[in-house]
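For clarity, chains are labelled A, B, C and D in written order, and residue numbers in each chain start from 1.
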Amino acid sequence: MIRTVIVGGSGYTGGELLRILATHPQVEVTMVTSREYAGKPISLIHPNLRGFYSINFTNFSIDKIGDRADTVFLGLPHGVSLNYVPKLLEIGLQVVDLSADFRLKDPQVYKYWYGIEHPYPDLLSKAVYGLPELHDRELKGAKLIASPGCNATATILALAPAVKMGFTPDLRFVSDVKVSSSEGGAKPSEGSHHPERQNAIRPYEAEGHRHSAEAEQELSILSGRPVKVSIVPHAISSVRGAMASVHMWSSEVMEDLEIWKKVAEFYRGRKFVRIVRGGIHPYPDPKYIIGSNFADIGFANEKRVMRLTMFSAIDNLMKGAAGQAVQSFNISRGFNEDEGIRAPPLRPA
Amino acid sequence: MIRTVIVGGSGYTGGELLRILATHPQVEVTMVTSREYAGKPISLIHPNLRGFYSINFTNFSIDKIGDRADTVFLGLPHGVSLNYVPKLLEIGLQVVDLSADFRLKDPQVYKYWYGIEHPYPDLLSKAVYGLPELHDRELKGAKLIASPGCNATATILALAPAVKMGFTPDLRFVSDVKVSSSEGGAKPSEGSHHPERQNAIRPYEAEGHRHSAEAEQELSILSGRPVKVSIVPHAISSVRGAMASVHMWSSEVMEDLEIWKKVAEFYRGRKFVRIVRGGIHPYPDPKYIIGSNFADIGFANEKRVMRLTMFSAIDNLMKGAAGQAVQSFNISRGFNEDEGIRAPPLRPA
Amino acid sequence: MIRTVIVGGSGYTGGELLRILATHPQVEVTMVTSREYAGKPISLIHPNLRGFYSINFTNFSIDKIGDRADTVFLGLPHGVSLNYVPKLLEIGLQVVDLSADFRLKDPQVYKYWYGIEHPYPDLLSKAVYGLPELHDRELKGAKLIASPGCNATATILALAPAVKMGFTPDLRFVSDVKVSSSEGGAKPSEGSHHPERQNAIRPYEAEGHRHSAEAEQELSILSGRPVKVSIVPHAISSVRGAMASVHMWSSEVMEDLEIWKKVAEFYRGRKFVRIVRGGIHPYPDPKYIIGSNFADIGFANEKRVMRLTMFSAIDNLMKGAAGQAVQSFNISRGFNEDEGIRAPPLRPA
Amino acid sequence: MIRTVIVGGSGYTGGELLRILATHPQVEVTMVTSREYAGKPISLIHPNLRGFYSINFTNFSIDKIGDRADTVFLGLPHGVSLNYVPKLLEIGLQVVDLSADFRLKDPQVYKYWYGIEHPYPDLLSKAVYGLPELHDRELKGAKLIASPGCNATATILALAPAVKMGFTPDLRFVSDVKVSSSEGGAKPSEGSHHPERQNAIRPYEAEGHRHSAEAEQELSILSGRPVKVSIVPHAISSVRGAMASVHMWSSEVMEDLEIWKKVAEFYRGRKFVRIVRGGIHPYPDPKYIIGSNFADIGFANEKRVMRLTMFSAIDNLMKGAAGQAVQSFNISRGFNEDEGIRAPPLRPA
């Protein structure tokens, strides 16, 4: 039984971790911290969890954690996790960080995108980028897991087979992402106000989305070429789910079967990747993944102009956040990859 | 391991049963029938289930079922189940019928509401109305379970404590129900067409909703008085969830705590009833139940005019259909009541 | 040309007034005030109005208004309008107040519901409750119009023919209202956060909604009997539209045609009331009113139990706020009742 | 007063035409045809229009039309308009065809995309492609107007300034379009069933969308270069609105102001194009156009990688269909371009 602490447990990622871990057979949640809600019952903030947890939120305290935890999930804002991670590692805990703080390998790149010098550059190289489809082996036994961003996850999973299997000579890509409102977190804002968000189709952070950095890092490593990626998110009125559409030009006409085979080969053995092609809805749709950790990968092939599109559909709170963090944690601990995240998606939802 | 067959497995109730049973440790789904999709893979119709079932839909055949089933879930339209049930019982199978065909005890009442003479009036008395909160004991070992309708379930669970614990002298009630689009089933129609349904607040079947009959039967039995109930559903733009608001007048001012205690006493020990009072959202909301079998029960108490409202929130496909059917099945088989339906609700969704 | 000022123009009611008045042939908007956005262009806050207004928001100043206005629309929070109205009247301006400050006639009732002594009780009797279907004559030439609340409007329009034409002996009613998210105004909050609001079916202010006071006042005057009304709003995931369902018991079986005729008689000649009965959607639905000032009124008649339901569907920002304010203004000025608000509803939306 | 007939008036485009023309001062609607609903009142199918039209739907008859019409709007399916147009022109009527039948100039291209030989190739050259921002002059006095498709309109308006003003050396583009459910028309289908459509992010017709042909034709003419365009639509859960995002690579770093100026220059004097840059929502969003004929055009400029995105937001039933048809009609008749379509967009909706 892994004693587990969730630091920053009042947001959507924290809530999703609590939802998953409530039925994870190898995990006992011993503490959930929240500065804002310390002393309050978990179900006050997460009314879905009424009846599932008897503990209250507490304040974070590094002293108290040591005795109660084997693993700490950090659901803190970017720039805050930074300060906790070294100490948590020092006292021997495993850290799964859901912020962006340890995702980039190169401190220069970190500085470019996040505007500050990284205070622990050595930890950057020790952290494992928690995308199991690319880093399965490194995750085994990992002490510090940097769990990927949702838009980065969708983008990388769409592009990885394309750049690795040679679908295109392109070295620069735009990932046109459609994102649901839960991706913005639990804090109300003008853009998330229901009357303003419902029916919106609204580009945002369209000139330098930070997840581009992760995607470029991972795809460049994977392909051995310097890949550039622009992520352009569009806020739409779904509540859960993100869809990356990455359009590219191939250098010759490809057959569907060939593409299918290469994608299948690339993702062979990966439990959480499903390849979608044909059927009533011939392309992936995050709607059919809701509540699960799947990434549904598909493609369009317009031979007339030799244009390919790679599609990647995920649940932004699962494969895009909490689910993937648990998947990486499972691998790191030698559990079944899908322990606690095995239930089928909900439909319709 | 209970060998289980789902007859009529292509609709939303069938899909929800398949979703639940995919991880139910005591159940093996051996056959799923669909006249329309026989021979087609389950995931063609239920894309969320891609990767969970390797069997295809088959045609229903009474001969084939005998060898492969211990329990049969019937997800057929009203008036169709009628013809299957006697034979299935005869060859020794347990039947959980999700249609309205065996819910009413009185053949006259059945005729009034459904317009035809019931061909098997004796089976009406043998069937157990599958609302475990009222019929727990009778469900143990039950051979024929008539699983309640969603609007009836919400209405009965809201009213039961009120009529039993004496909150009101009223003997007639209107249950103002707000229902999600999945309640109408998987077949497209003009009212369910997305551009027409989204943003709708649309009363329908407002002058004799058939679920009224079940509610009257159960509440009259429970209270020992002849209770009349009008169910007035309103189609709104949620996808899942139903909310019954039943307004009534008390004969004296009641205190909140007194109401709370009586509701709690009425539902003592019931795993799937949560009483909601206070907090950020002080009344129940089906939103926080999505994907689970809970019924959240709450109340409003406007002392100024001695008006009470009982609220009951359910997921129409779970507690309102498939989840409750599995709950009744679990009880009938002596399993834990929550086997296979233990996961917390999804939030946000 | 009526020179018109909108005080408090950055909210949804202000925006809706601006939208309407942009094409009102008798009105020139000379000033729009906003404390928060003074100096900013109107289209910054109301992006739909880009290109329609060249003026910026300004700070409110009683001195400046005198020279520029004939009529002032007050879109201020409850309790704030109070302080402006007497002075505006004094300098000879017409005031259309969209807050609750002058809606109630009885200072005692005001105190009961709003918790403070009304500072200008004499103005309460001079104000005209701006519901043209009841107060057409008094609105002509009115200097102070107290524009009704949205839930009150829906409730009164549903109940008025019932209490006046003797559909029921009941003297107390519950108005079960389903409300859209724009009703809560333009300020983000936890309940209006998109991930929390979408798919919600959430009762709120269910134990003493303030609009009950207006409804009781108007219906008691109309029927000559002391009518009690409890308004119970439910937040759902539409953006626009409110629906009041008021259930009642008749003392004898009524025929549909009789009900229809009486409702038609009651609302004879009223341009903005449409009676809905039969057709594909036999009851009113706010969806088919969006963007217009109509109130669609209908009913259900369950003879079996002598239960009637009166339905009233409005667009909460139009007939429930800005549209009705302009309608009353038109009448007060002797313009056509529908000047500027003549366009058909939008569909689908 | 132009006597106007709408042929095929029961769909969404027909309904939107009726909504617009109800208040168009130069138009009298004399007949509305529908094979399916002949004899039925218009408000049965278009409940928003209750009270606006006293005529019923009739069957189409070429003989009857001649006496009653000056202009005929054809809201028929593709391949059906074909058969009506020549005769209508012959008897001297003006035709505004909202189908795809006369949009393409080259019969070969028509055959490639629509699979049949065009029976009236000479009419193809006489038809004016009804996009006033490109064909203003030709529209004056036009007898046959081929009104553009919605996704084509959004795509062309986004790309036109880019290809004309030299933002990019690219000659092939992908237009990633996000489309609302009303774009699919009024007929229910599995994909449009509310429980399946709500929360969907679903690519469709992603390998040869027919509107690509129109876009290629118009952009090639405009730029004098052979432009290739792949339109990739994604069905999302808005009801109205379409958003085209067209990503491209510039050959040198461009400044925002330079881009802004060139777009403004390109669209100078066009009443229905608004350029959006900066503010709370710095890019266009169809949400703020709902119910109006505007196209909001904007751009993103990621200098780091010299990537530009052109955004174009329209209301698919207005600028994407009925509104644009009326705009072209107005121009053809010498009316103000915005006659009948002058009202601001609705917000929030």
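The rule is short, and it goes like this: a contact is a pair of C-beta atoms (placed from the backbone, for glycine too) under 8 Å apart; a residue touches a chain by one contact, two chains touch by 3 or more.
According to UniProt, the chain labels map to these proteins: A, B, C, D = [LysW]-L-2-aminoadipate/[LysW]-L-glutamate phosphate reductase.
A quick note: this is a predicted structure, and the numbers were derived from the prediction, not measured.
Minimum number of contact steps separating chain B from chain C: 1. Taking A-D and A-C together, the pair of chains sharing more C-beta contacts is A-D.
Comparing mean CA positions across the assembly, the chain most remote from chain B is D.
Chain centres here are Cα averages; for chain C and chain D they lie 36 Å apart. Taking each chain's centre as the mean of its C-alpha atoms, chain A lies 46 Å from chain C. Separating the CA-averaged centres of chain A and chain D is a span of 38 Å. In chain A, 12, 180-182, 190, 195, 198-199, 237, 239-240, 280-281, 285, 290, 348-349 are the positions where the chain touches two or more neighbouring chains simultaneously. Within the complex formed with chain A, the residues of chain D that make contact are 172, 174, 176, 178, 180, 190-191, 195-196, 198-204, 206-208, 228, 230, 232, 234, 236-243, 245, 247, 249, 280-281, 283-287, 290, 300-305, 307, 309, 311, 313, 348-349.
Residues of chain A touching chain C in their complex: 12, 180-182, 184, 186-190, 192-195, 197-199, 237, 239.
Partner chain C is touched in their complex by these residues of chain D: 12, 15, 19, 22-23, 43-52, 181-182, 239-240, 274, 276, 279-281, 285, 288-292, 296, 342-349.
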